[in-house]
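Once you scroll down, you'll see the structures, which are given as structure tokens.
Both of the next two complexes hold chain A, though its partner changes from chain B to chain C.
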Partner chain A sequence: MLAYTLRRIAQLVPVLLVLSMAVFAFVEALPGSIVDTLIGTEGGDIEEARAILTKEYGLDRPVHERYVLWLGRALQGDFGKSLVTRRPISTELLSRIPATVYLASVGIVLSMLIAVPLGTFAAVRRNSAVDYTAQVTSLAGISIPEFWFAILCVLLFSLYLGWLPSSGYVSPFEDFWGSLQFLILPAAAIGFRQAAFTTRLTRSSMLDELSKEYVDTARALGHSERKVIFKYTLRNAMIPTITISGLQLANLLGGTVVLESIFAWPGIGRAIFEAILQRDYPLIQAGVLVLGFIVVVMNLLVDLTYRLLNPRVKFA
Partner chain B sequence: MSELEADKLVDGTLAWRAPPAPLRSRRLATALSNAWHELRKSRTASIGAVMLVLLFGACIGTPWLATHDPIKQNYRERLQPPSEKHLLGTDRLGRDIYSRLLYGGRRLVTIAVVAVVLSLAVGVPFGVLTGYFGGLADTIGMRIVDGLLAFPGLLLYLLFVTVAQAWKLEGVMIDLVLVSALALAGMPEKARLARGSVLAEKQKEYVEASRAVGDAPVNIALSQVLPNIVSPLIVTATVRLGFVILIVAALSFLGLGTPPPTPDWGADLSAARDYMETHPLIAAFPGLAICYTVLAFNLFGDGLRDILDPRLAER
Partner chain C sequence: MIDEAIKKGPERTRRNFLKATTALAGAAVAGLPATGPAVADARKRNPKRGGTLRFGTRDDSVGLDTHRNIIYFVSHPLTGITGGLVDFDDKMEPKPAIAESWDASADLKTWTFKLKRGAEFHNGETIDAQAVKWNIERIKDPKMSHAFTRSVVSGVERVTVDDKYTVRFHLKEPDVALDINLIYYPVNLMAPGAADKADTEPVNCGPFKFKSWRRLDRCELVRFENFYETDAEGNSLPYLDGLIGLPKKEDRVRLTALRTGELDLIDNVAYADAPAFKKDHGKTFETWPVPQVGTAMMFFNLKNGLLSDKDNPDAHLLRQAIAHAIDREGIHQAVFNGIGSIANGFYSAASPWHPKDIEPSSKFDPDKAKALRKKAKGGDERLTIIANDTFPYMHQSGELVHAMLKDAGFNVVLEILPSPVMLDKQTKGDFNIDSTANSYRLDPDGWFGRNILSSAPENRRRIGYKNEKADQIILAARQERDRAKRRQMYADVETLVNRDLPMLYTHYVPLLMAGNRARVKGYLPSFSGPWSYTGAGMRRTWIEG
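Coming up: the complex of A and B.
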């Protein structure tokens, strides 16, 4: 296990290098020099500012040297300053991470609370009304665009019924109950959509387990159906479900751009979206790099957990 | 006398000749009815197929089906409910929603299909060749794929769109950038799938036989192994089409797609938000259109998977 873990960590290095090169190439692909973009916001003596900035960003050097310079700074957490707020990008991004983690993890927990009982029940009572309903709902769930579903929720619960605020954010550390009000709609929008995937998966892996021989053995030994399902099959069937939920969580940490902007949720996805609207290129660059890093590390953690849960997988 | 024998008798040899037109159309009809017969095995696949035929029919027939110019504004007829003149009503600028849906769908489906075909065209040979040859090429290839997969959610598209905006690209060029971003993002999935199947297929006897008769390795990989791993690829591509449509709609919902007044489901939906409380129908139609399209691809893909992999169908 240790050797495998170390090897997987070593494999991360080239992946992160590819990611960083892609992100670096993005800024290189922008028209004109970054200095022109910066000058636009600086004012003052243009020629002098140009010279200083050219030197600071190393624009007088060849591309590969600039990349190394940039990467070296990024590794130390120095992404430069935001063009809009003039604050260090690292502080900007760090302040946005908690809101995204909060929303994404509550959303995933919610999706598992829906999906695991529903998927299990659908598999156990195969071809029943519940199974049919679960299948139809989850197919609908993966086909409905999340932003439309979110809008419909806002229309129903905020505008017509007036039960919940349509958008906004309160930190759970300041006012826990107040924060929940704002959390419910976006978390439900995430939870419903992810549950659609997880229900299908739980159902099919549960069916897979139920068709195995150990289940027949357990039944032949006279164990109750309840024990067969909860003690034996469900545990095995949960392995892929947990894995997929972990991957979904990783993806959500970087992928809630749309929901965060609908619900004015001050997370990292919305920070990047706003940076795009304001042409804050260094912030976009750093944001994508940081999120990519989080996703890669999360994926590794999920993979290692999978192997801990499922010792049958060989450490090839 | 069978059709095949009739072909042979023309000059007594086995040389292939183009069959006469009626025969060709009869053969096409047979092929189609065979395909339909296969599809009937799965109810989901047949429902999906019918939905897709309607969808593609509407996309092709758009110029004839549309009743109005999708861009022309008419301030006298703003925010009208569905009527005989405007089948689905009009939007905030008095544009015919039904015609906008048709033109928007035609564009969206075209973008999605081109993007997925492109990602197959790049990803599949990539996966087949790295999988078949293995070694260093495989290691490097798969690290590139992992690097691309590290971009979560929409971020890769956001980068591409930002560059496109910075260059002040317009019209088709924006769509091209979007298509290439979608193709690039879809490529790893196809490459991995193709590689996985090739690794299993490589061990089989026919590959060894081809090698024994001295076929070139690239030939074996692309013309012998590739046809044998097509079915999982078709299924993935179909499901991916629905996914791509969701992404494109989400991007234009965020205002990062083609700028107005181009008809666009995502952008129209976003614009309808301001009138949601008073005129909820305006926001309903583009949303329903997206759902229908994605559902059609998902149903068809699901059913196709059951047909092509009968082991799964029993579940």
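Coming up: the complex of A and C.
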């Protein structure tokens, strides 16, 4: 397992290298220039200002030269400064990434807490009221757009009931209980939708496992139904669920821009989106690269989890 | 630690959290009725002093260096840290700020500013003539400043120091509007001794001091105890202990946060929400119409293409057809929800520069529009409208004009674009019509001298309009001290603009702010927001409760 882990970590290098090249090329292809945005338009010395800023930001150099320079610095942990705020990229990212990781992971955990029991019971009690309820609820969860559900939550729990703040963010490191109040609504909006997918997946995986011979054997050996379900069947059924949840978590890290806007959540998705609009090249490059790194690591962790769930799983 | 003020929304304690989550779970199961939000601390405060105001804004500044970035009147909480030589009042007239008095030489080429004694930067540095000189020279350097700010001092040949508190600006050309332009553009003063920290810990001279900033998330400012301004009773201003800026881009997110008690004051109430909000919640929340923010318009590309007289002999006819096809009343109702008024010139009736006698531009007449389009060369060719995606009214007006032109038989496409792409297309002339707006210029030279004057870089870059008579009037107005005469001169230019149609003014852009009546006291917005406003604005606001 150690050899496998090390091999997978080694594979991160080419993946991130290709990603960094792709991001650089993408940013290069964007129409419009950061320099024009920053220098303004109302002045008689625009050309002089453009030349100065272009040189200062190194944008007068060929793209491959800029890429190599950037990569060299990035390998030393220096992503440079934001061209817009002129503050270190690391500061910009460090203030955003924890917020996104916090929201996405709690959202996923919440979805698992809902989906695994619901999907399991729906499969065990197939065609019962529990099963129908789970199916209808999960269908609703998939059908209802996340942003609409989020707005309904805000209206109900913030505006009418006044229980929770409607938007904003407090770092859990500053005030843990306070941060939870701000977290509940966005995490619930994420969790509800993700739970809808995961419930259906868990149910079908469980049904698949329940139809296998080892389950009949376990029952024939006289094991209790509880042991058959939770010790043998569910562990096997969880492998696809863990896989999908891991991918969902990876998607959420950069893909909650709409929810971040609704809840004014200062996440990395919004930061990259704003950076794209403003052509803040170093922030886009660093943000996407860091997200890519997190996604690759997430995938590795998901793969390693298989072994914990089922020791018979062999890593090639 | 979190500032106490942020806790004025739902209280955030462990006990309260458990209570709320238990109630949530219980209500979800049993459908029980809910309890309301936590009751705010009702203790009395000394009126006219104290409190931290939570200000929800649509936008945020892009950086902290006030010379390099436009930290601007509207929607930027960081504006609270800025200050300059001159302020303005509710009549949009220049008033003393760091400069206690000033005057111009007879030829309007030398301006002398006498500075207040005892005025300080936030770090205790004295604001003296040397500091002002250092600031102006830094702003004049293209490496250090934004073109918008630099444009107002680009006409300054040199700055000299007469004595510790007297500074003299020597101009290349006469300029009657230097004083008011110093605040509009705005020439903010920063402490020379803290210039190396301008991007991280700015030291300025506004009513509030910088504490912290996370862009598009939160900024915290605290009262500057040695701010120069006092109220009529001699109490130092500002009254507030501090200010927390909480940018929330979506208009309804801000409005909801105001209603739930998480914010005290917001800007940019959506036009569509305003009537119902005022009707349903007027007892709890005050709504302030800000006199004027800017003017919306359609720019026509006269540099090249179908609407350019250089490329199309019937370009003026086509522009007339477009003007007749645009129903400005429709824009007034559909985009601005009946709020504000239709524009015929750049300055609204709220402005001292509102012209009295101008020839209006073409009226809405779809039949005439169709007839002119058919008659004009190129009437069937494709027109491109571009609109910025940042401001809803710009692209909404663009969408409406697109539909109106389609109705008149034009072959027209609309592109809604982010700012960098807009800039690129404008500069390259890759458009025919630009649905845009321009922020209100305190002095009309700021508008006419930059967007109508044919030699102005911005006109050359974006529109390409040239009218020799208009040029003569604009240049003469720069040297005219008599305000009534100047106003008439600009009215004459507006008439030329409405005839030539390099642009079509559509609407004055209103701005609505809203605040919690019970908490926000003493607040009155200035012409474009809450800031550099002597006699009201954020400096005279305090929090009660």
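The rule is simple: the second predicted complex is superposed on the first by the 261 of 316 C-alpha atoms of A that agree within 3 Å, B and C clash if a C-alpha of one lies under 4 Å from a C-alpha of the other, contacts with A are read in each partner's own complex, and residues count from 1 in each chain.
Going forward, a residue touches a chain if its C-beta (ideal position, glycine included) is under 8 Å from a C-beta of that chain, and two chains touch if they have at least 3 such contacts.
The model shown is predicted, which means the values in this text are computed figures rather than measured ones.
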item: Chain B versus chain C as contact partner of A:264, first or second or both or neither; value: second
item: Touched partner set for A:256, first chain B, second chain C, both or neither; value: first
item: First (chain B), second (chain C), both or neither touched by A:31; value: both
item: Partner chain(s) touched by A:177 [first = chain B, second = chain C, both, neither]; value: second
item: Which superposed partner A:105 touches (first chain B, second chain C, both, neither); value: neither
item: Partner chain in contact with A:159 - chain B first, chain C second, else both or neither; value: both
item: Chain B versus chain C as contact partner of A:54, first or second or both or neither; value: neither
item: Partner chain(s) touched by A:18 [first = chain B, second = chain C, both, neither]; value: first
item: First (chain B), second (chain C), both or neither touched by A:279; value: both
item: Residues on chain A lying within both footprints (that of chain B and that of chain C); value: 30-31, 155, 159, 261, 279
item: Residues of chain A that touch chain C when the two form their complex; value: 30-34, 36-46, 48-49, 52, 56, 84-87, 92, 95, 154-155, 157-170, 174-175, 177-178, 180-181, 184, 261-264, 266, 270-271, 274, 277-279
item: Complex contacts: residues of chain C adjacent to chain A; value: 1-2, 6-7, 9-10, 12-14, 17, 20-21, 23-24, 27, 34-38, 62-65, 68, 70, 142-143, 146-148, 150-151, 154, 199-200, 214-218, 246-250, 253, 256-257, 259-262, 418-424, 427, 450, 457-458, 461-462
item: Interface residues, chain A side, partner chain B - complex; value: 11, 14-19, 22-23, 26, 29-31, 139-140, 142-148, 151-152, 155, 159, 204, 207-208, 250-258, 261, 269, 272-273, 276, 279, 281, 284, 288, 291-292, 294-296
item: In the complex with chain A, residue positions of chain B that touch it; value: 143-144, 146-148, 150-155, 158-159, 161-163, 165-168, 242, 246, 249-250, 253-254, 256, 266, 269, 273, 276-277, 280, 283, 287, 290-291, 294-295, 298-299, 302, 312, 315
